[in-house]
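Two complexes are shown next, each including subunit A; its partner changes from subunit B in the first to subunit C in the second.
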Partner chain A sequence: MIYSTLGYYSLIFGLIVSLPIFFFSIINFKNERILDNKIVSFSFIQLFLVVISFMGLVFSFVYSDFSNETVFNNSHSTKPLFYKISGTWGNHEGSLLLWLVVLTLFIFLFLIGSKGLLKKYRILTVLFHQIIIIGFFIFLIKFSSPFNFIFPTPYEGMGLNPILQDPALAIHPPILYLGYVGSSIIFSSVLAATTLNYISKNWAAHIKNWVLISWVFLTLGILLGSIWAYYELGWGGFWFWDPVENVSLMPWLALTTLLHCILILEKRSILSSWVIILSIATFTLSMCGTFLVRSGILNSVHTFANDPERGLFILTFLFILVLISLIVFFTFHKSENQNPNSFFLISKETSILINNWFMMYFLSVVLIGTLYPIFLDVISSQKISVGPPFYHKLIVPFLIPFLIFMAIGPQLKWIKAELQNKIHLVVIFIISLLISFLIFKNLEINFLVNTVLVGSAFYLFFITIRDFFLKKPNNIQQNIAHFGFSLLILSILFNNIFSSELITNLKVGESFKNDRFEIIFNNLKKSKEKNYISFKGNFSIRENEIKDELEPELRVYNQPNIITSEADIKTTFFMDKFITMNSVQNEEYFNIRYQVKPFMLWIWISVLLISLGGLISLFKKKV
Partner chain B sequence: MYGRKVKLRFIFIILILLSLTLSVFLVIKSLEENVIYFKSPSDVKLLGKLDKNQIRIGGMVKENSIKIKSNEVNFIITDFKNEINVTYSGVVPNLFSEGKGVVAEGYLKDRSFFEASKILAKHDENYMPPEVKEALGEK
Partner chain C sequence: MKNRIVYYLLVIFFVFVFVIFYRGLNNSNLYTPNTNIKIVPEFTSETLLKKKSVDSKDIFNKEDYYLLNIWASWCIPCKDEHPFLVNLGNSKKIEIIGLNYKDNLNNAEKFINELGNPYSTILLDRDGTKAIEWGAFGVPETFLIYKNKIIKRYIGPLNSNLVNEINNYIK
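And then the complex of A and B:
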């Protein structure tokens, strides 16, 4: 009770603090030459109040204060402490409060970290950022307060959806939000810089850090979500082209494009309009992600909140922000014409532009696939869904040139590159195609596409390895990230092509055999855990004299009353063995799915390598 | 007549327009081929021509209709006006049970037989896909 009250009022005071920030910013903007310290202090006070408010919610969860509506809806007294805490952001209201915490934290860090820059620019960034912050405050206080009271106080809570009770998913939202919200700083800063015509090499070098921070967190956030989906949803896949996954992929694509453009802007101070548009797009897509997931508009496994009023607010808010940014862009932005000898056809700039083209293409495919069903539903109430074949068909063929350009691009010089001494590029390409040809020679699959695709992935793979050992490590971050990407594509392709699975219905004691596997259902153990009853099946699986014991589990949660299946996965260096077990109502049969998935581990490792590239780039600059 | 820069810019714009048209064309074509429509058992009965494409069917699993064998599961989807028999071999989600909402994805054999390739998972016993809710709407 006390914690909720504390949380609620510090939220209101936090909103009020926006006033002095606005006030001092405007005065300071006109008058003095140095930044008024009051702005920094008030930003800190705002951060402090929001953190207090957030802690208020955390403590309400920890002490299971069911007079708080959010706690009542999402927690239960028997839940383990760890999930009580993570339950704070496992729901709509709490996760938006977390957004606000990160928003205020980032603007404070921005103020501290931008000391050497133009004063007016810093103040304007704060002002633009305050607009976003105020929007979130109003949203939280008026439309989705995490501190609503229920009277009389319920005796017990509704519980947290058990599939969310998982370590990976406990930290997935905060990490993802750090990435999402990082794009808000880029947004405010780009608007400020455009207004002041401050877009320059200096600015690019400074904002690059923020781009890198959000990019690394977004990458890791998506990775965590994928890992969770892999072992918790029990389908053995890691990416389903589900709308909620797509909304996190879209800002990632935009942000990756932005990252590459910022490099050009930093080195050559060209393409500034494009950088502005991309920054606005990234933030808009992040906001859209929040809107789509939290408004309940998506018919998807991830949607846990259903409230159209909130959606309407976010949509209006988003519209206002986009409007402001468009006005700023068209009023203040002067396109650069001071660079007559821009660049030649064969150069690093061109290759980055080609990369941009592909990224924008991938982005539009994902955008259309995600929004078209919603659009069609609204105008004609036709229900459709767009499945993986759509994305695969449109994206996979374009990966081939994308990978090849990704390999060649970094070999080229700025402004104008020579094509002499580049024979190794051709030689490596032929070798890569040959290797891939040998792999696929004896397989009965779509031969041509796979050979060329895997060949181009190998191409990037070998080129990056060669660079790593031959060149001076002056661009090691790019090298590692690109290597990680080639490894990712290779692992995903091999994983798709060489996976095998077996689906059958078994009773305890029965066995099933086909030409490759033999699977025996040995026994079923029942045990009682803190907030669920566990049924653990014991299976022996034999494949060519290799014998494995796997123990998938069914959990019957008490509150809410939900059954989940926990996959048992045996991870080795080269493959994962994955088994899930499902109950079918009132029958002795259990639905068993056994999968052998090669290179699973490498998918996770390669994404880690990609984000490692970002991290190196971030810290290398500071030295 | 025109400077080199103007010409270059002109070519650049044409290239962008061309690639834009190409990608829009590809996307729309692929959308047409890969979109999955959602139908209720009553919609299926009203179909003029049998759909060759993959569709989704949603409704309730009829009481006492689940029959499970070692290699397949049979059940009936109903919207309380019409019903349809479904054969399925594959993984059944945990919340798949009689009297609960279900969405099956697959191909129609005829107007009352459906071969499912996927049964969509529901993660909450109170959750019902909006489509199912609508399909059952009049009840």
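And then the complex of A and C:
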């Protein structure tokens, strides 16, 4: 009770603190030469109040204070402490509060970390950022307060959806939010810089850090979600082109493109329009994601609440921000006087630019695939859902040139490169195609596309490996990230092509055999855990004289009363063995799904490598 | 000048998107497939065993009774009803079309080889979308078709009573 009250009032005081920040910023902007420390202090006070409010909610969860509506709806007294805490952001209200925490944290860090820069630019960034912060404050207090009281106080809560009670998913939202919200700093800063015509090499070097931070967190956040989906949802896949996965992928694509544009801007002072538009797009897409997820306009595993009023607020707020950025862009931005000779056909920036266009293409495919069903539904009342085949058909062929340019680009110089001494590029390409040809020669699959695609992925793979040995390590971050990407594409392709699966129904004691596997259902153990009853099956699986024991599990949770299926996965260096079981209604049979998925581990490792590239780049600067 | 046009176009575009989203908010996003389908839906499908693609118009082309049976090798009630289908098929009074639902092809072939094949054609529905077009609830489900119209549907496994009912129709 006391924690909720505390949380609620600090939230309101936090909003009030925005007033002095606005006041001092405007005075300071006009009159003085150095930045007023009051702005920094008040930003800190705002951060402090929001953190207090957040802790208030966390403690309400920890002490299972069911007089708080959010706690009542999402927690239960028998839940383990860890999931009580993670339940704080496992729901609509709490996750928005977390979003606000990160917003205020980042602007405070921005103020501290931008000391050497133009005063007017810093103040203007704070002002633009305050607009976003105020929007979220109002949304939280008015439309989705996490501190609503229920009277009389219920004895017990409704519980957290069991599939969310998972370590990976407990940290997935905060990490992802750091990525999403990081893009808000980029957004405010780019608006400020455009207004003051401050987009320069200097600015690029400074904003690059923020781009890297949000990019690394966004990448890791997506990775965590993916890993969770892989072992928890029991389908054995890691990416389903679910609308909510797509809305995290879209900012990632925009942010990745932005990162490369910033590099060009830093080196050559060109592409400033790209940088501005992409910065705006990244944040808009993040917000759009929030809108799509939180309003319930989409059907997805992530949809929490279906409340049109909330959706309307986010929608209006989103479009106000879009309008502000359009006005700023068209009023203040002067396109750079480009020297017509500044772009040469064979240069690093040209290859980056080409791949930027490819990225924009991928982005539009995902955007259309995600939004088209909504448009169609509104205009013609037809319900369709866009599935993986759409994305695969439109994206996969274009990965071929994309991978090739990604391999060649870093081999070229800035401004203008020569084509002499580049014979190794051709030789490696032929070798890669040959290897891929040998792999696919005896397989009955779509031969041409797969060979060329895997060939180009190998091409990037070999070229980056070669660079590790032959080049000076001054560009190691780029090399690691690109190497990781080639590894990712290769693992995904091999995983897709060489996966095998077996579905059957078995009773305890029965076995199933086909020409490749033999599965024996040994026994079923029942045990009682803190908030669920567990049924653990024991299976022996034999394949080519290799014997494995796997133990998938069914959990019957007490509150809410839901059955979940926990996969048992045996991970080895080259393949995952993945088994799930599900009860068949009113039968003593269990539906058993056994999958062998090669290179699963490498998908995760390669994404980690990609983020490692970003991390190295972030920390190298400071040394 | 050019900038200004782009600006207005963008504003109009975003207003359009706003309106669409706004309308979308008030729509329910729960999709309930139509289960009351009276006319045979049109589709093309791969087939099991013969490995070729067929069109729905070529299957239900005669002015006669047809039975469409949705089944899967993993579906246990399907095993129970299968002998009835085999008997019906042997009687040659009616053409039975199978729709293999979300199945592993090897298992499906094995099922047919072990228990007999009453079907003149077995259509494949690997992702379950064709069954939705038929308005089916699940497996097994059987549709009695006459002159391209669905005149009777049996949800769940067939039994001797239902088979007698079918026999009465096709006499």
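Assume the second predicted complex is superposed on the first by the 619 of 623 C-alpha atoms of A that agree within 3 Å, B and C clash if a C-alpha of one lies under 4 Å from a C-alpha of the other, contacts with A are read in each partner's own complex, and residues count from 1 in each chain.
The rule is short, and it goes like this: a contact is a pair of C-beta atoms (placed from the backbone, for glycine too) under 8 Å apart; a residue touches a chain by one contact, two chains touch by 3 or more.
Keep in mind that this is a model prediction, so the values were computed, not measured.
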Fit or clash - subunit C, subunit B, common subunit A: clash
Which of subunit B and subunit C A:375 touches, first, second, both or neither: second
First (subunit B), second (subunit C), both or neither touched by A:312: second
Broader residue contact with subunit A after superposition on the shared chain, subunit B or subunit C: B
Which superposed partner A:12 touches (first subunit B, second subunit C, both, neither): neither
Subunit B versus subunit C as contact partner of A:506, first or second or both or neither: first
Touching partner for A:449 - first (subunit B), second (subunit C), both, neither: neither
Which of subunit B and subunit C A:383 touches, first, second, both or neither: both
Touching partner for A:112 - first (subunit B), second (subunit C), both, neither: neither
Touching partner for A:427 - first (subunit B), second (subunit C), both, neither: neither
Partner chain in contact with A:582 - subunit B first, subunit C second, else both or neither: first
Subunit B collision site on subunit C, chosen from 73-81, 109-117 or 163-171, when both complexes are overlaid on chain A: 73-81
Subunit C-contacting residues of subunit A that also contact subunit B: 299, 383, 385, 503-505, 584, 587, 589, 591
Subunit A - residues contacting subunit B, complex: 161, 163, 233-235, 299, 301, 357, 361, 364-365, 368-369, 372, 382-387, 389-390, 393-394, 503-506, 510, 512, 554, 560-565, 580, 582-587, 589, 591, 593
Touch list for subunit C against partner subunit A, complex: 3-4, 6-7, 10-11, 14, 18, 20-27, 29-31, 74, 76, 104, 106-107
Subunit C contact footprint on subunit A (complex, rising order): 291, 295-299, 306, 308, 311-312, 315, 319, 322-323, 326, 330, 374-375, 377-379, 383, 385, 501-505, 514, 584, 587, 589, 591
Residues of subunit B touching subunit A in the complex: 19, 23, 26-27, 30-31, 33-38, 56, 66, 68-73, 89-98, 121, 123-125, 129-131, 134
